[in-house]
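Each of the next two complexes has chain A plus one more chain, namely chain B in the first and chain C in the second.
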Partner chain A sequence: MSTGILLQIAQTLAAILLAPLLMGWVNQCRAWLQGRSAPPLTQPYRTLKKLFHKDVVIAHNASPLFRFAPYMVFACMALAAGLVPTIANDLPFSPAADAIALVGVFALARVFLALAAMDIGTSFGTLGARREMLVSFLAEPALLMVFFTASLISHSTELPTIVEALAHKQFVIYPSMAFAAVAFWMVSTAENARIPVDNPTTHLELTMIHEAMILEYSARHLALIEWAVALKLFTYSALGIALFVPWGIAPRGDLYALPLAVLALLLKMMAGGAALSLLEAISAKVRLFRAPEFLGTAFLLGVLGMLIHFLLEV
Partner chain B sequence: MALSYPLQVVNLLAALLLLISFAMLSQRRIAGLVTLFAVQGAALSLSTAIVAWSTGQHHLYYSAALTLGLKVFAMPYYFFRLIRKLDVDRDVEPMITIPTTMLIGIVLVIFAFNLAMPISQMSGTVTRSTLGIAMASVLLAFLMMITRSKAIPQVIGFLAMENGLFFAATSATYGMPMVVEMGVALDVLVGVFVLGIFFFQIRETFDSLDLKHMEKLKER
Partner chain C sequence: MMDLSLVQLAWAGVLCWLGLGLAALLVQRLRGLLNLIFPLGAIVALGLAAIGAMALLGHASAIVLPIGLPDLPFHLRLDELSAFFLILLGGAAFGVTLYAWGYFRHQESGSLALLLLWYHLFLAGMTTVLLADDAYAFMVAWEVMALSSYFLVTTDHDQPDIRRAGFLYLLIAHVGAVALLLCFGVLQGGGVEGAGDYTFDTMRLAEMTPFWASVAFLLALFGFGAKAGLVPMHVWLPEAHPAAPSPVSALMSGVMLKTAIYGLLRVTFDLLNVQLGWWGALALALGLVTALYGVIFAAVQSDMKRLLAWSSIENIGVLLAGFGLTLIFYTDGKGALAALSLTAMLYHALNHAFFKGLLFTGAGAVLHATGERNMDKLGGLMRVMPWTAWLTLIGALAIAGLPPLNGFVSEWLLLQAFLLTPGLNQSYLNMVIPVAAASVALAAALAAYVMVKFFGVTFLGVARSGAVAKAHEAGWRERLGMIWLAAGCVALGLFPAQVIAALAPVVRLLTGQTLVNDGSWFLLAPVDAERASYAPLVFFAVVLVTLLLVFIWVRRVYHGRIRRADPWDCGYPEQDARMQDSAEGFGQPIRQIFSSFMRVERETPDPFDRHPRYRGDSRDKLWVLLYQPIADVAAWLSDKAGRLQHGRIQWYLIYSFATLIFLLVFVTR
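Up next is the complex of A and B:
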């Protein structure tokens, strides 16, 4: 049990510290694919450091909610990162919160961010918050469907049990997971504000969703939110790895598998980040009013995955 | 779950077939539709070859080769040429909006799965569980033919339906007799060429490939 708690703390800390690195890697890959010279891998850390050293500017009519929201968002993402098995499967936290609760944690962070965006009363913040809600209320059920497909296979909604069923039992090809994987990719682009649903680098009022919500933030608040965004990307990548390529995550009570698990995680994250930026490079951003269609398709694929499970795998 | 790995791969390809059927429903461009059709043919051919290998049914190799030649190379090539000649590769708006079509598609899938359940229990083949997927892709192709108003998507829908039927035959009874299969392949090939000629005729008469214009031909 004590090793479990140690592992839990180590995994959560590693996620928090490594998340900006993954963001830097994705940005680097994207710059290469676009033919630009890439920023250094540590650029997100430097941005965070710069932001933490600046003075905060806050609008006069901001309520305490506005100041509180970045801490809440960061805390939610740190909690979420602690729930997903990245290196080892031995997580004492996991009985407290399963995959469904994880979706709830993401929703909580989103609610606070949207409320804070509307708090100041600028038109951009409200616009961003509304768009975010439009996108997320469609993305959430699709994400749940992905989890349900995995839960049907492993008969549990706890992520470590899912990983155990998929990785540490006899190897079986699950066609339903192929559907779930496509759906998961679509949902994670929407949730992480990436192309084709949102563009993380734009500040054009016609297209921005996530950036519109955080326009009013500065200095350490902005730094926390940026860090939370990186952490969310890391958590989603870890989720994708845990659900679809879980081989290499150390099983319960096997400490000797840990070094290999760390290596596997690094390699998978590198491959995942490169794949993400490649998919971003080859797809065009959809119009906002096409986003419901995009996410509807994700939901449909999730449902299809469940149906396929009943047809082929029972 | 005691299936051997080749059959698991067949199941995976069956799922891929269904996925492509849905992608076709949501595809707006005709060139994209043709590419998806070619990919569907490739998945079909590969799954037929795997079934042939794992069950020792040698005649299935021929039908896999036939599928590969006709549906992956010949017909898509012909369609791409048609698209270039007719200059029709633009966004096509279907008659029902695409999300609605997809929802109807899900209902069709549930219907097909339920319909296939008792039939597949009677069948003695190892691939019988994929029969539901085959029926679902037939129905989805049918849906695509209904919801599209342009001529080329309708023909591709027809061909996708044939793909689904072929897959149903493979999963329920290890394929049709060779003579029937050759006959069907020839029919489809000739049908596509005849329809290709029709496209030109339709466009000459109506200045468009939209089949809604054909309603003008009705007597009032």
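Up next is the complex of A and C:
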């Protein structure tokens, strides 16, 4: 039990500390693909450091909710990172919240950020909040459908049990998981504000979704939000790994598998980040009202995955 | 206590409410005494909730009251199902009544006395509906509830819109009541030969053929559905609930709709002893349509109380979906799963009473402070009314189904029930259920959209009109009521294992099984801890600890300097409050995506118009497609029937004669 708790804390802390590194890696890959000279891997850390040292500038009419939201968002993302099995599968905290609760944690963070964006009362803030909720009302059920497909296969909504069932039982190819994987990729681009739904590097307010929500934030608040964004990307990558390529995650109680698990995770994350930047480089951002179509497709693919499970795999 | 059974105590509570209502009329000149009636009523509500809690532990008790018609006394009975709904009623009514105490304190004495009479009559009627053990008492109480709430809805009857809403409510309530009367008729008709009474006991003994059982079920679904706001009988709800004063809206949405759910459960699982699987599929489909329809329309509303009313329709849809799922499992012989989905449904009913009560009281506080229901004229209220805002935020997060509050628990349980379906005997149901689960997830995600809109546009941002400038915080009585309801939302969210244990007797009564919690006192694990578990307390503690650690770390390691400045204006200095999203604007994406569900009327001005006015109106298509034709046919028929009237006595005598002949032929045949 005590090793479990230690492992849990270590894994969560590692996620928090390594998350900006993954962001740096994705940015680096993208710069290479775009033929630019890349910023160093540690650039996100430097940005965070800079932001933490600045003075906070807050609008006159900001309410306490505005100042509370970044902490809330960061805490939610840290919690989510702690729930997903990244290295080890033996997590004492995992019974507290299953895959459905994980979706709830993401939703909690999103609602707080959207409310904070509406707090100052600028036109772009409310616009961003509206668009974010528009994207999420389709992305969230789609993500749930992906989890449902996985949990129908493993007869559990507990993430460690799902991973256990998918990674450590005999190897079977599940057609339903193929649909789920496509749906998951579409959802995670939308939820992480990446191309084709949103562009994280845009400077044009009219096309912003996520960035429009955080226009009013500065200094440590902005740093926390940026960090939470990196953490969210990390958590989604870990989720994708846990659901679709779980091999290598250390099974319960097997401490000797840990070094291999760390290595596997690093390699998978590097490959995943490179794939993400490649997909971003070759696709274009869609118009806002095409985004519901994109996500509606993801939602339907998720539902199809479940139906296919009932048709072929039961 | 020894010689008084619980049902007698509950009836005493009803009598107390009736007495308080009548006393209000007597003491209307004495303002001091009049002001005491609401707190006394609140104490009665708390007492009834306590009686309900005790009845959950004990056995059913019954009495026969010698009131009513000769040979037709009132039968009352308090079993576990009634007890659960009594707790719901008492718990929500306590908070709402405390709130009403403050809300109506500036009301003019005469109208306040009348309002107090109808208010307590309404509460007494709802309680008697729950206690009734024969069709006669049930229908009398049902009518008392409908009529008193009609008078409450039309409190501000000087406005034509409110009169119209009240009439629509009365009409549909009575169409529903007729269906219920027929339903009880069918139930009694199948009863024991010669037993001419309408007691529920007789109905329980009835041996029904599947056909007549289905007729009774469909009539009950129609009748109770009309009361609950099931699509397509929902049209009265978004008109009547906003028209009522806010505490009454809170009671109507939070509690009165649940009496319809109670009735549906009572008839289906208790009175009928045959249940068919397709009933469940029908209820599930209707529930999901209602849920999606309700939430989509909630997203395009600009009136905050109307938005909340539509959201009630959504929640009723979710409840009905849970009911349908229970029926499917129950008829399929999966008792444990039926217990799970019934638990989810009852849990959601309890949750909805608290968070919808809280949201309506919060909206009422805003309405009271600003005189404005239109969200397009509000905004920035968080700074003026922080108590109301933070308490309403709890309600909004709860109804949006976010952990660790109560809305999430019932949603989680319902989704678990959907996930456990593989292995139903009818394979077509196995295919339908994933689609149903997807619809529930979609409705829940849209509910979050609606709540961000409701809270963000009303309480955040900058004031959109002068109405906000004179706003003031709600008084301490209102706050006390809202705190009670918010505490309910938090407690129901954090202690699900205890709530489920308390629900067990109800679930056992209806499905014969209970939901076994595999976890400990803080861990909710229905069926099996390996399958799924959720520990809100741990969850909450971890969020809190992380929050504190991050806060302390950030504030300790770095300086805490803050500069205040104007918001960033994007290089365009002439920013004003009208550039924020209006309620209309926030709902625009939903209107565009789901435009096929609604009829949109738009007025967009000429580009050279000096005083442009924009108006967009999204209306319910069913109103045109279903209700308008029915109204037209009714008008046409009455027009034709009007020709029978000549004003000549000879003709009328001939009519009577013809009727007599017809009846004689009919009887002697």
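The rule we apply is simple: the second predicted complex is superposed on the first by the 314 of 314 C-alpha atoms of A that agree within 3 Å, B and C clash if a C-alpha of one lies under 4 Å from a C-alpha of the other, contacts with A are read in each partner's own complex, and residues count from 1 in each chain.
In this section, a contact is a pair of C-beta atoms (placed from the backbone, for glycine too) under 8 Å apart; a residue touches a chain by one contact, two chains touch by 3 or more.
None of these values were measured; they are calculated from a predicted model.
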Ask   = Does the superposition put A:Thr297 against chain B (first), chain C (second), both, or neither?
value = first
Request  = Once the structures are superposed on A, label A:Val182 by its partner contacts, choosing first (chain B), second (chain C), both or neither.
outcome  = first
Message = One more residue to check, A:Leu113. First (chain B), second (chain C), both or neither?
response = neither
Ask   = Of the two partner chains, chain B (first) and chain C (second), which one does A:Ala193 touch, if any: first, second, both, or neither?
value = neither
Task = Name the chain, either chain B or chain C, that contacts more residues of chain A.
result = C
Task = Would you check which partner chain A:Leu166 touches, where first means chain B only, second means chain C only, and both and neither mean what they say?
result = neither
Task = Pick one for A:Phe310: touches chain B only (first), chain C only (second), both, or neither.
result = both
Message = By the touch definition at the top of the document, which applies to A:Ser151: first (chain B), second (chain C), both, or neither?
response = second
Key: Interface residues of chain A shared between complexes with chain B and chain C   = 292, 303, 307, 310-311
Ask   = Hey, which residues of chain B end up touching chain A in the complex?
value = 1, 5, 8-9, 11-12, 14-16, 18-19, 22, 26, 98-99, 102-103, 105-106, 109-110, 113, 129-130, 132-133
Note = Per the touch rule, the chain A residues reaching chain B in their complex are 172-173, 175-176, 178-179, 182, 292-293, 296-297, 300-301, 303-304, 307-308, 310-313
Note = Residue set of chain A touching chain C in the complex reads 52-53, 55-61, 63, 65, 71-72, 74-76, 78-79, 82, 93, 95-98, 100-101, 104-105, 107-108, 110-111, 114-115, 118-124, 126-127, 129-131, 133-134, 136-138, 140-141, 144-145, 148, 151-152, 155-158, 161, 205, 215-216, 220, 224, 289, 292, 299, 302-303, 306-307, 310-311, 314
Chain C - residues contacting chain A, complex = 379-380, 382-383, 393, 397, 400-403, 408, 412, 415-416, 418-419, 422, 430-431, 434-435, 437-438, 441-442, 444-446, 448-449, 451-453, 455-457, 460-462, 519, 523, 525, 529-535, 538-539, 542-543, 546-547, 550-551, 554, 557-559, 561-570, 575, 577, 579-581, 585-586, 588-590, 592-593
